[in-house]
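Following this line, the structures themselves.
What follows is chain A paired twice: with chain B in the first complex and chain C in the second.
== the complex of A and B ==
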């Protein structure tokens, strides 16, 4: 099939708001964009297990430990849904892991921050998963069928993650003065990085142009960030937490909140490898991956022996 | 020598964007015939937008006797559902 034909059948489907499926013809750039985005999404789910895993042995009750384990298990599962989605585009699992380890593929910047106290587990579930949900809900309408279906499944499962985080924050705000301060401290440290999760401002977003034309992205970074702020402020106020932004105020005319400047210098510094945990996250992933090599070898050897 | 040919499982995508779901099976000598037969048997009334066929012997199914062991444990894990959590009065959109 020649390039013009590829373009027109692809464009026809997009124009009619139909899904693109693995066997459909698609421009190379569309395929590349999706591989980059979906593998980054998958890596984020998997790396995101680390800051939370840090608290499994120190969860304050058996109930809290069961919930945290279930949540982390979900993140691992979500990573696997997304890796298999990316595989439908012709990239192998080995290549994706290689790209993560060499730094060619990124993961969400938020996981380069540490979970210092138990309140951080609350803030991660409520704010980080809350921000991820806003983004993922909009991706349920993305143009690539397997990605859209993975998002539907993930959103359904993720609804408990945010609630368990909010529950932790709610309970701490009902606790001692020290517990309340701990919750507010976690809020102060996670609020701005959560806003950065939506990426640069629309006026400064390098990957957005084609992503809109191809209907991969359905809402802009700023639109999604605004939606997250507008729903989260009320939740913070309800339990007595303060949003650490002195410029935050309700804008009657626009019918949404105005917020202060995001520190993009910090964002760039962390994205470029100089956040508090970048090295730790990657060292851990590489170590665990290499330590698991014997399991994959043993499984392959067993299958080979049994095939004879 | 008479033969009923090989067994293939058929998966149909019912409409744009939906997943492929198991519809039934067909007999065929190769994948091309299996697709053709699946099309003739399972999509006569506009039921599909895409078909997958898989040789039946490539499908490994769980044993019904193991169902309890496999699936019951998750019923105890009620905390995996959002309804397990009490949202404080007044909190919205969570």
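== the complex of A and C ==
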């Protein structure tokens, strides 16, 4: 098939808002863009297990421990599911992990922040998963079929994650003075990094151009960020938490909240590897992966011997 | 005849095994050699903690002092725990983890099979659920024993080492004291002495098929029936109980 033909059938599908499927012809750049985005998404799910995993053994009740374990297990499941999604585009999980380790592939910046107290587990579920949902809901309409379907499935679980996080915060705000302070402190530390999860302002977002044309991205960074802020402010107020932004106020004309300036210098610093936990997260992932090599070799050797 | 206190202690034994083993398994989260195994370990941890919750809740009711499952999990000291020592030992490498899981899950499979017919309806109900879980844990670890035992030279060496590490803790699994005997007599608890030969029958062929030699040990460790533990338990508790101890008035 020649290039013009590829382009036209691909473009026809996009124009009609039909999904692109693995066997369809697609431009190389489209494929590359998706591999980058979906593998980054998969890595984020997996690296995100670390900050929350940090509190499993210290969860304050048997119920809390089970909910947290189940939540982290879901995230690992999302990772698996997304690795398979990316594999439909012709890359192996092994290659993706390799790219993560060499720094070629990224993961969400948010997981380079530490989970310092139990309230952080509440804040992560409520704010980080809350932000992820906003993004993932819009991706349910992304043009690549397997990715869109993965998002539908994943979003169902994400809303449970968001609720359990909010429940932790709610309980702490109903609790002792120390618990309330712990909750507010977590809020103060996680609010701004959560806003950064949506990426740079539309005016300086380097990858967006083609992503919109190809209908991979359906809503802009600023639109999604706004949606997150508008739904979250109310939730914070309901339980008595203060949003750490003195410029935050309701804008009657725009019918949404105005917010203060995001610290993009911090964003760039963390993206470029100097966040509080970048090194820790990668070191852990590489160490575990390397330590598991003999297990994978044994499993492969056994499978090979028994396939005969 | 079974005393009230004997039943309470027996429930702590059942609950603490789940709680402490579940704690160790939960440490493996995001430490698996492959993502699939990471998720499997989390599942196992969840099964154990769920079981602990059920037994400890009932233990609190039997004790009759208004203590909840969380009070019992988070506010008892190290001399008041009755889990088998093997549950609290560190995970070690993946082969050690699988060796212990085979030992423990095969024991639990037999124990809960026996407890399914307990005259105590609550114990029988919890056991009915637990026996299914234990069977799955057993099959999972058995399959890994085959893979590791027959995989590579290294995996075989590591698996043998795992069984060597844990074997001296297998005697305790079947220990009976006067209270256990009374409970077994009344059809409430299981007669663990009967389970021992069954357990060997279950485990021996798996070890043989995995090219693993049964370790020679000249002493079996003991102590947990009297609340005497390894040094590891104290560290597990200080981590697990940290928030409850540091903020005694807080509800989470």
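Rule of thumb we're sticking to: the second predicted complex is superposed on the first by the 308 of 308 C-alpha atoms of A that agree within 3 Å, B and C clash if a C-alpha of one lies under 4 Å from a C-alpha of the other, contacts with A are read in each partner's own complex, and residues count from 1 in each chain.
Methods note: contacts are C-beta pairs under 8 Å (C-beta built on N, C-alpha and C of every residue); 3 or more make two chains touch, one makes a residue touch a chain.
For clarity, every value in this text was computed on a predicted model and none was experimentally measured.
Applying the stated contact rule after C-alpha superposition, one finds that A:70 touches each of chain B and chain C. When chain A is checked against chain B and against chain C, the one touching more of its residues turns out to be C.
Contacts of A:288 after superposition on the shared chain: chain C is touched, whereas chain B is not. When the shared chain is aligned, chain B comes close enough to touch A:238, but chain C does not. By the touch criterion stated above, A:21 is placed in contact with chain B alone, chain C being left untouched. Look at A:216: by the touch rule set out above, it reaches neither chain B nor chain C. Contacts of A:160 after superposition on the shared chain: chain B is touched, whereas chain C is not. When the shared chain is aligned, chain B comes close enough to touch A:170, but chain C does not. By the touch criterion defined above, A:148 lies against chain B but remains apart from chain C after alignment on the C-alpha atoms of chain A. Residues 63, 66, 70 of chain A are contacted both by chain B in one complex and by chain C in the other. Every residue of chain C that touches chain A in the complex is listed here, in rising order: 19, 23, 26-27, 29-39, 42-43, 45-46, 49-50, 52-53, 56, 69-70, 73-74, 93-95, 146-148, 150-152, 154-155, 158, 239-240, 242-244, 247, 249-252.
Interface of chain B with chain A (complex): residues 13, 16-19, 50, 77, 79-82, 84-88, 90-94. On the chain A side of its complex with chain B, the touching residues are 18-19, 21, 23, 63, 66-67, 70, 74, 130, 145, 148-149, 157, 159-160, 162-164, 166-167, 170, 231, 234-235, 238-239. Contact residues of chain A toward chain C in the complex are 46, 49-50, 53, 56-66, 69-70, 72-73, 76-77, 79-80, 83, 118, 168, 171-172, 174-176, 178-179, 284, 288, 291-299, 301-303, 305.
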